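Once you scroll down, you'll see the structures, which are given as structure tokens.
The two complexes that follow have subunit A in common; it is paired with subunit B in the first and with subunit C in the second.
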Partner chain A sequence: MGNVIGIGAAPKRKEDQRFLTGRGNYVSDIKRAGMTSGVFVRSPHGHAVLRGIDKSAALASPGIIAVLTGDDVKADGLGGLPCGWGISDAKGVPMKEPPFPMLAQSKVRFVGDMVAFVIAETPEQANAAAELLAVDYEVLPSVVGVLEAVRPNAPQLFDDVPNNICCDWELGDKAAVETAFRKAAHVAKLSLVNNRLIGNPMEPRAAIAEYEPGTDRFTLWTTSQFPHVVRFLMGALVLNIPQHKLRVVAPDVGGGFGVKQFHYGEEAVITWAAKRVKRPIKWVASRSEGYVSDRHGRDHVTEAELALDENGKFLAFRVNTLANMGGYLSTFGPNIPTNLYGPLLGGVYTTPAIYCNVKVVFTNTVPVDAYRGAGRPEATFVLERIVDVAASEMGIDRVEIRRRNMIPKDAYPYQTPVLVQYDSGDPMGCLDGALVAADVKNFGVRKAASASKGKFRGLGYSTYVEACGLAPSRFAGRLGARGGLYESATVRVHPTGQVTVMIGTHNHGQGHETTFAQIVSDKLGVAFDDVDIVFGDTDRVQFGMGTYGSRSLVVGGAALSKATDKVIAKGKKIASHLLEAAEVDIQFESGKFSVAGTDRMKTFEEIAGAAYVPHNYPLEVLEPGLEEQAYYDPVNFTYPGGCHIAEVEIDPETGTVMLVNYTAVDDVGTVINPMIVEGQLHGGIVQGVGQALFENAVYDEGSGQLLSGSLMDYCMPRADHMPMMKVATHSTLCTHTPMGVKGCGEVGTIGSPAAVINAVVDALSHLGVTHVDMPATPNRIWRLLQNASLPAAAE
Partner chain B sequence: MQISFTLNGRPTTIEVEAATLVAELLREQLNLTGTHIGCDTSQCGACVVHLNGLPVKSCTLLAPTLDGATLLTIEGLQGAPGSNQMHPMQEAFREHHGLQCGFCTPGMLMTAIALATEKKDLTEADVRHGLEGNICRCTGYQNIVISVMAGAAAMNAAKGE
Partner chain C sequence: MKPFAYHQPDQIPDAAKLLTSIEDSKLVAGGMTLIPTLKQRLANPPALVDLSRLGHLKGITDDGATITIGAMTPHAVVAASKLVQAKIPGLAALASMIGDPAVRNRGTIGGSVANNDPAADYPAGVLGLGATVVTSTREIAADKFFLGLFETALEPGEIITAIRFPVPLKAGYAKFKAPASRYALVGVFVAKFADGVRVAVTGAGPGVFRVPPMEGALSQNFEPTAIAAIKIDTDGLTSDIHAEADYRAHLVTVMAKRAVDAALS
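Right after this comes the complex of A and B.
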């Protein structure tokens, strides 16, 4: 028997062996007998009328099996892709929700919109046939930017969506905010852009679909973060396949970051097509195809105003945002820039009045949806930037202005004016820890050293909070969620005492196979090696909502904890019978059931054995077997947060920003595996640094062409972009999750963009620079410097 | 056309199309799916293998060029003879949490081993520069850099024995 490895330990990951030896099982690795190849034909135009498709040449191509178009979808009477959230405006008028067909019908609305699916014997033959498909487009002008899309006379994507506005959403007390602004001693104003991003998980999306006529069952293997949700949305709402006739498998998935948490049209088309051609079909996206079809993230244009009294206390915050939805509503689309944005505008501060208006806008671009952080990085960026602007304008130190407005540790639980109530936190403690870890007191020395080399050094802070652990279903339902957001876990104890856990979250890098096994090992006292975690297969796992919004440990872990408690409770009943003692006298500790105050005991294995070999067993009151299931729906979000401090050095000759130091002190609640938490923080921070310094999805206005459509054009962070980061945790426990966990998957991405840009602005502040939009590329900085007068300090 | 080459220590003869890429040959014809394809512009490095001892992106190499060559893929990595261990670089990645989703990992390992073979005393800057052609979206690179330095040290120690 191996070791019990519990909560707080850092065992090496169970999942690593297969990945390190090239034995992972990703969708593109899977082969099925008789498998064919599918290729999507996509619109090369941002906006066009689809006048007709001539299949004849493609159908004459060698190896061709079928060519399917929107007309075939229509002929089969199939639905379009559903949106999982329905938001409303201030008057309660529901958002405009135009249909999102699986394959385009009558019009295409972004470059990459799918117009046909071509199936052939081999990928080469499918590609060759796709080239021969004659699609007749009547090209229309495209509109790609939100400011342009809401202008009078802008191209209209949908006849019944005037000005391309899907929803004019608001949150907060507008009148109270206006009153506070009238009394303000100072008002800070800021206009900013939150740049459009492309998630770029390293594994491109892929799918294989198969239909078995003998059982009338479908199987879809897909690169998904939530296979059960795909089964539900696609089976029940798109293809009319009964849930018990549809199996969705998401095996090893090579990163998600949100990109794989939507139900995509490709999944529906390939599953539908598999029955039509009666052969398995495989589709693997190329990276370039991913750029024009993976859902994008962010893309806001915002005007913000912060009202302060003469001491720098925040009186009110007003934010007006235009948020890009792209050409159609994706699964979570309208929820991201509204419900996951507005409620976070309070940040870690006591701002008493907040008002937020978000115009959700259609454009001729890839649909925009959640990308790591989803709404919360955008909120943090607006707030943490304007706090710096206010501090600078009022001549107050940036740390001091934060301290004056921070929620004190003893003020929790803290009700914000924007719906959410933070249960616990200690932002001041995180700030204090980060100031020491970042050696801020010697920053002046480092700045002088940089200046002596002709470089500008800057320091930037971001003190932030986020809401994760999506989500309390009742709360989400009030905000427009069309589904529940609980999680489920089954703990199956085998007759020999080993344990298999079936859980509805999905592991695509987060280390669930390790962390969840630690929870079971800790609670049941069984060996870590004797616990396996099963996920990603709707035939094996009962149900689940999947992995996104830092929910896996918070919501899934809670379901697992609850199911484990049920196993212990049943074990106590069995033990009470076997040990001939009252159930209330049975204690369970370190894998042993014992009678209090005696040395009479049964091991966990003995109880498991008795449950499956019920010769001496209380059959009149208990069923045999030892397997328990739990569903958990959280009562509140969790609120991780912290303080990030970035230090940059800018070369005025080239405009290059080097990130030279990075420190994060984060409150993620209870840490189950510190090694994995650190890894999540590292990765999250670098994705945020990517947004701040490198990444930008750029469209050409008018043509709607994506100009940053490959890894050659879209700059991803590389190893030599980063210094060694210092990350630490300063945790307060969540008061409402079973283990006190808060989640750690997104904090890095949420806290870091503001820290980096605040550092860049600080480095350039002596030139009168008050804001720099992301990404702070050498080109952008160099141009800024050419427009400023270079002072002697740089020489 | 028929080509013959040494694949992970074994002589291999196979029929290939002239336009087949080495990455496709490995994955589709030889069922060695540890070599991954993460992009179509030779940027990501998920497909790195060793051709005649040097790291190459197998997505940019045509299969016929393998004729007579020696190819090492992730599946061919081995620890010390007779041990149960993986290659020291694989062990270092596990020890230092140098992987998350695992998709970039085979390419990272192949590049890392080549780096460590090429230069004895790798600095952090050498490693960061040397990994420029391999993209990881999960780890933020920090633990990969730590893993490569530890793995390189272990490879040097093993050579010294």
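Right after this comes the complex of A and C.
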């Protein structure tokens, strides 16, 4: 029995005790009786015809149980992996949606594409047998870059997808934008690349599948952010397993960042195989395997133009993007660079006309899908970079040009020209707060100090907004979503007053077990320690769409809040009976039901006890028990935003960029646990800094080999890359979520890349540098400096 | 990992005998390169000969004009050694820059030198200081030891037992870390002796190498400015996704200047 710990408090995270003491229960910790080991044989080629697979040597290998290939999948008449979104072009023509077989059939389309599943008694035996599998490939030329893929003579991935274009998507009023450009006093132009990223969650993906013949039920344990969605997609659309015969469990999961929010072929293959071999099977990806099979993120090439009047007011914004989809459509793939990108191009500005064209392109690379931020970092980067370019070209201060175009606080709700309506916000307030927190007024002093050491110092701003809390189902359905995007929660009050919550979101590092317990503790007045949060098991949790898109608190928390309100409402009915007072006179506060204006009261525990021991209870009109469920479908996205200010110091001798100061003032709505919010912001910012300065997935054009296929070559941000961050909130309340929350999981990743690159460009602007592509590595900066300083040297 | 036999001899001759009698067997010291290779199934030795029971290969001794470091001495011990810090601070600094704490506590000087990774730090220190590689059968001068990419003068069955470093007047190491791996993208070791200066470069090419023009200039004037204008030929330098050869060549000069600075400070 502990204390109430409510909204706004910062208790230590409940879940950390078990993680820090090694008592977490991850997929690879789970052992089942008679468990076998499976490994996937993956294509070593970016693009090849699959001429045949000779299983004989592998089948003769010690300990071998089975070797399954695409032909076996075909023979069983099973489907491929479904795409959860169907987008269309401007004429309403649906995207090209070629099949994504769960094991490759006739062709492989990226290094890592799965060609066989080998099952043996031990992992060593499975690996040894996999090495003996003879796969006959006819290697074809690969195309990995979007610019190359749309060229006339490029290798074609699919016979019926001309020029490798999946969809030629657009948004906005093209004619209005053209008119505005004709009237513009100035047009700023920018070409940029948004670099391809690899998520690298700490825990690699893993799965165990088991089939029980007695009940004809399957169980899949998987490293997933959304077990119910896996059950639906895999059961209903891939393996034809009825929903009640399939249990999907996502136990403790060690980080997701989006990488684990897709239905992967490995999940379908292992579940199908478990019934075939009549034994449980475990598969755990190696880190290297993750590099070539975890869905990648970003990978855009963009041309943008901003039209301004003579005062620097934005008149229109035009964006043309080529977005890489990789070799197949992943679960949310085509939604990310379209619906989660175009609608964010308004940013925090009053730009009246916006047009966006996105060509979604297939290439011989790992499929690309959502990665923390998903579409919104890409939109923010384009917009916040071109605002700086325009300011520089027009000789307007970068803060001033933002102020002149910002949506004022009193103009909310604000309808943008690109679908979304912001309910609330105060970008100017965030900017003002950040300017003070970052000590911008003394930047000149710091710049001079750097210059005296031969270093270049720069300051960069990113004033941004994002859309999260995915998503209003009706709105998403119009945009092409093939599922609902609500969330559900059940609040089960036990006879003794403790509470178990079953919620459809999934905790894999976000601290839900703490945040959600605080909401319940606050609303019901029960002790924080008396609330447990259950998630990640389709047999225990009623339903849910899982965790992604900063939706858990916004949508799941809302469902939890509603269910808790229902518990209070029922409690009032019980109290009204017990206290012999009218229901309207019953008040509930601090865990006590009382009759207004009297000292007559019943505690929450007493009401719970009465509900389960209904001797004195209005059974004629009220069911016993105290358990309530709610589904919540949001009415709008939420729109967190803020101002990030990065300060860098560049060593011109080596090209090294040091991030020396970082300030973020964000509007995330109501804060439930400030410590957790701060942690989410810190992590998000570091991930964005990773994109800006370090991370880059590099493929070899022609062969399709992933050159950055390990932690030795793919640079993750590290603690010593980061300064102490100054993080604060400047919140306005969301007008349509029950608690005024907006979400905070992705803001750091969305706001930071532009702030960092704007700072790098600022540091080099005296040399005529106007843009630096990400990641701003020492090699890239040094090369820019060589080119920039050539004319000066020649003089 | 594929199955292999595992031997843990407690005498050098036994280890040498195992190594020569079992074809393709491998020595394991700290295992910092070998174990990951085994885990990725890229190597398939029938047997591992573990040197960890050869206690006398661990430790640092002061011989007056030289310092001898046993082959099985971990990097962390060298980095923290008061003796090395006092006599060859540049070498202690180099050891402190290798990998991360886990690597420094497992990885050994003998293993690093025998492996001769083109981006490892120790080869620059060994060549830069003109050290002597002491083996189970002979002594090999550093200039004759490093033969190229992962290649050394070691004969089959020959085991490094120690490295003997002459104590310089001054020495320093500067390393530009590869962003992801933190191996040396370019690392330069400079050492000043009574009879001249040695400059050794790691990371930039397929193997550690000396830079005679810098050695000449620094022998005249041991100051960073003495080599600021010396450019390295890009021929034979490494180009990869992290750095092209011209950037590596540029960094050699920058790191050499910083190594001199470090030696002087």
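In this text, the second predicted complex is superposed on the first by the 788 of 795 C-alpha atoms of A that agree within 3 Å, B and C clash if a C-alpha of one lies under 4 Å from a C-alpha of the other, contacts with A are read in each partner's own complex, and residues count from 1 in each chain.
Convention: a contact is a pair of C-beta atoms (placed from the backbone, for glycine too) under 8 Å apart; a residue touches a chain by one contact, two chains touch by 3 or more.
Note that the structure is a prediction, hence the values are computed from the model and not measured.
Asks: For the three-chain arrangement built by superposition, which of subunit B and subunit C touches the greater number of subunit A residues?
Replies: B
Asks: Return first, second, both or neither, reflecting whether A:T654 touches subunit B, subunit C, both chains, or no partner chain.
Replies: second
Asks: Just to be sure I read the superposition right, which of the two partners does A:C715 touch: subunit B = first, subunit C = second, or both, or neither?
Replies: The second partner, subunit C, only.
Asks: Kindly classify A:S288 by the partners it touches after superposition: subunit B alone (first), subunit C alone (second), both, or neither?
Replies: both
Asks: Touching A:A134, do we find subunit B (first), subunit C (second), both, or neither?
Replies: Neither: A:A134 stays clear of subunit B and subunit C.
Asks: In the superposed arrangement, which partner chain does A:H682 touch: subunit B (first), subunit C (second), both, or neither?
Replies: Once the two structures are laid over each other on A, A:H682 reaches subunit B alone.
Asks: Between subunit B (first) and subunit C (second), which does A:A185 come into contact with in this model arrangement: first, second, both, or neither?
Replies: The answer is neither, since A:A185 touches no partner chain.
Asks: Could you tell me if A:L619 is touching subunit B, subunit C, both of them or neither one (first, second, both, neither)?
Replies: Neither partner.
Asks: Would you check which partner chain A:R18 touches, where first means subunit B only, second means subunit C only, and both and neither mean what they say?
Replies: first
Asks: On subunit A, what residues does subunit B touch that subunit C touches as well?
Replies: 286, 288, 711-712, 716
Asks: Could you pull out which subunit C residues touch subunit A in their complex?
Replies: 1-3, 40-41, 176, 179-181, 183, 241-244, 247, 250-251, 254
Asks: Considering the complex alone, what residue numbers of subunit A touch subunit C?
Replies: By the definition above, subunit A touches subunit C via 124, 127-128, 131, 286, 288, 653-655, 694, 696, 698, 707-708, 711-716, 777-779, 782-783.
Asks: Spell out the part of subunit A that touches subunit B in their complex, as residue ranges.
Replies: That would be residues 12-13, 15-24, 26, 28-29, 31, 200-204, 252-255, 257, 286-288, 508-511, 675-676, 678-679, 682-687, 710-712, 716-720, 722, 724-725, 748 of subunit A.
Asks: Which positions of subunit B touch subunit A when the two form their complex?
Replies: By the definition above, subunit B touches subunit A via 27, 31-41, 43-44, 46, 73-75, 77, 86, 90, 93-95, 97, 99-106, 109, 124-125, 127-129, 131-132, 134-145.
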